[in-house]
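Note that the chains take the letters A, B and C in the order they are written out, and that residue 1 is the start of every chain.
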Amino acid sequence: MLHNIALIPHLVRMYVRTRMEYRGAMFLAWLSQGFSYGAMYATIALIIARFDNLGGWQWPDMALLLAFHLLAYSLGACLSFTQFRDIEEKVRLGTFDAVLVKPVGPWTFLVFSGINIGYGGHVILATGLMAWSLTQVGIAWSPLLVLYFIAALISAAMLTAALMTMIGTTALVWVRSRHLFSIFFGFWELARYPLNIFPAPLQMLMITLAPLAFMAFVPVAVILGKPVPLLGAWAPLASLAAGPLCMLLAVFHWRWCLRNYQGAGG
Amino acid sequence: MRAGAYPAFALTAFQSRLAYRNQVWASAFGELVISFAFIAIWTAAFAGQVVVDGATLPEMITYVMIAGLLYWNTDRLINDVGEAVRTGDITIFLLKPLSYPASLLATHFGHYVFDQLVVTLPVLLIVGFSVGLLPPASLFHALMALPFWALSWLMLFTLGTLCGLLAFWLLTAFALEWFLKGIMALASGAIVPLWFMPGWLSGILGYLPFAWVSYYPTAIYLGKLDPPAAFLYFGIGLAWLAALGGFLAWLWSRARHRLIVQGG
Amino acid sequence: MAAIISADGVGKTFRQLKRQSGLAGGLRSLFSRTYTEIRAVSGITFAIEPGEAVGYLGPNGAGKSTMIKMMTGILTPSAGALSVLGREPHANRMRNAREIGVVFGQRSQLWWDLPVRDSFALNRHIYDIPAARFADNLAFLTEMLDMGAYLDRPVRQLSLGQRMRAEIALALLHDPKIIFLDEPTIGLDVVAKDAVRKFLARVNRERGTTIILTTHDLVDIEEICPRLIMVDDGKLLFDGELTRLRADLGSRRRLTLEFATDPGPLPLATATLNRDEGAAKHYLLEDEAISLIDVLNEVGRGHGLKDVKLEEPDIEEVIRTFYQNKSRLAGASS
């Protein structure tokens, strides 16, 4: 365990150096993705500009929701998305096997030797938008609320990482997993908007089977003092627990899949 | 190579997608979820109002579906072109007795037909039966929507291929995919129709080629443009397609020159 | 001495998706799927002592890679018992990983964009190699494998031969007790193959590292491994020395004699005539003990011999001969 932790800085350093070999492309990617998300947010801003609010959420509220969503997603995804989406290919090519014959925890090696620093654009946009929106919404800040904000953000990032880890890990047993990411991103899109505008069955789904409501809506609604459908007073606790719980699930899932790994045949 | 041989590319592309059946189900599901999301968004936005800027909620729901159908994902196209040009594989195409642009068009037309027929159509049917979609505003508009649809795809194809070619100089297709996605989100009208935008913005965007991908065809379908306007805007759209096509042809010749003379 | 690797009736079965062809098949596959069962390995039994160098030989699809994956702990056997370093490999994967080295012929474990040296440095941390031991090993391996010229070059700039040498060095840096190599000479040019073979033989001799090598090139076996295990279709066909295999099977070398003009019929005692094409005559050398010199001595001068070509039987030929002999022996005994 300690051995794995000690390896992390070495793995990260190696990988960041390989990325810096192509830093032009990396910075361009940051810019393009930041631009793309910005354009999408501008579109949503246009809707609210014309219609005043969306389910009772005005633009500053919406901006905070979008920023929180993007930041939590980026923090969680940099430790999971590309690493686990590509397990499918690593299995096919046999490079996953090469990870298994080393005396390193496969999860540690996989995550940190491929830590995705491509979310620079996302993080810059998200923090900028978050900073602006926090000045616009009237929040009665207290030390407890600040603590909650940070903890909820971490929990949301953990949730993201756990879900994406679980989806990618199925590639160890089912060989194909990319399509599951399409489903994930469908719900991820929903997670950007106030939950109360959706019909009740969908709200239920977003809190249980596809718990992406906890990625942004629930924590931000709690902070803004807005009503949370279905959860009500349980919202703060639920949002803090969601991340660690999913993380636990992901750990068991990973262990189980590893034990049942068959390889690509041969 | 005979012109009659190119449809084979389209058929091969279509068939190749069938092998990924899980991806088909998942994509259809993803599209369904997002469709319902936007229907919910507009329902919440309207919040009981009947007409806003000349549009009703049922019209907006239909707008979501039609504009969404036209908002085809260009990632595969841009990536194909980008990779082929960047790795120099494109020279293999230049060695064969076929026209690369024509085979590219045929191949991605195959992908387009697949996406619409196998992924989008079921979603349309589900939404149509559950929430309800409006039929075309009139016979004229129904007929006029067809050439606009063709124009929409050709415009999108041209824009996508342009981005893919730019990857040759910028050394990255990835960033270009995202730039196009960003521009399209705002300017194509795929999400917000131009009539909801502030005047100055819709004034600009209404004349940019992106609007012909989603906004104009959908606006025609819903009868928001009268016949003279429909013909006028079709003409402008054609002009844009010709201009972009010309630019694409020029860019393609520069890329080919670089590849053949300098070896990429 | 206890065997360092012991396999007892080991088997492995996979489930594979059946792909449908054509448009109709493609559409059908949208709604249903069928699986086939593949027995990659069945009933393999052997014991390997520490310090041995063993070749695992067989045609493509014989189950060689699967066996390596089981021995390195990547896969669990579906049947039988397997023990490596006295432990069950899959259950003790992490512990065994410290004491083994693995080289995959077609998959690189080096970091593509970074200098070779950096991949070695990372391995030092992964395997917790003490700094002094690491420095010694690196110096030794660099010299023996002649890597000094390209240690600081990015892996993507190396030729396949250079890369393979670096891969082998990578696997030996931590002084493993066993090194597994999966088709290490595939795709290499003659010079590189020779370097790799000589080096592996030396490591085995001087450091007592147990070597398990899969290949379908008999020359790999000849140069590196005194003992060979031959498999086909997942089953073990032969376990012993290569010379015994050749002697047992009488596997035949092909000899072609090319003359300036047709010397007429030329029967020989040392070789059997297979095909007579006039100026070119094709013989088979059945006897392992007979050398090319013996044949040429028998042919002598005066026939206008222009050129000679001697071909070793390839693995498929060896196996084919094996089966022919098996059925012949079976027929004789019944």
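Rule of thumb we're sticking to: contacts are C-beta pairs under 8 Å (C-beta built on N, C-alpha and C of every residue); 3 or more make two chains touch, one makes a residue touch a chain.
As the structure is a computational prediction, the values presented were derived from the model and not from experiment.
When C-beta pairs in contact are tallied for each pair of chains, A-B comes out on top. Chain centre most remote from that of subunit B: C (centre = mean of CA atoms). Here the chain at the heart of the shown protein, by mean C-alpha position, is A.
A straight line joining the Cα centres of subunit A and subunit C is 46 Å long.
Separation between the centroids of subunit B and subunit C, computed from CA atoms only, is 53 Å. The distance from the centre of subunit A to the centre of subunit B, with each centre set as the mean of the Cα atoms, comes to 29 Å. In the complex of the two chains, the subunit A residues touching subunit C come out as 3, 6-7, 10-11, 14, 17-18, 21, 93-95, 97-98, 100-105, 175, 261-263, 265-266.
Contact residues of subunit C toward subunit A in the complex are 14-17, 38, 40, 65-66, 69, 72-75, 93-95, 97-98, 100, 102, 104, 106-107, 109, 111-114, 118, 122, 125-128.
Looking at the complex, you find that subunit A touches subunit B at residues 24-25, 28-29, 31-33, 35-40, 42-43, 46-47, 49-51, 54-55, 176, 178-180, 182-183, 185-187, 189-190, 193-194, 197-199, 202. Subunit B contributes residues 20, 22-23, 25-27, 29-34, 36-37, 40-41, 43-47, 52-53, 170-172, 174-179, 181-183, 185-186, 191-192, 196-198, 201 to its touches with subunit A in the complex.
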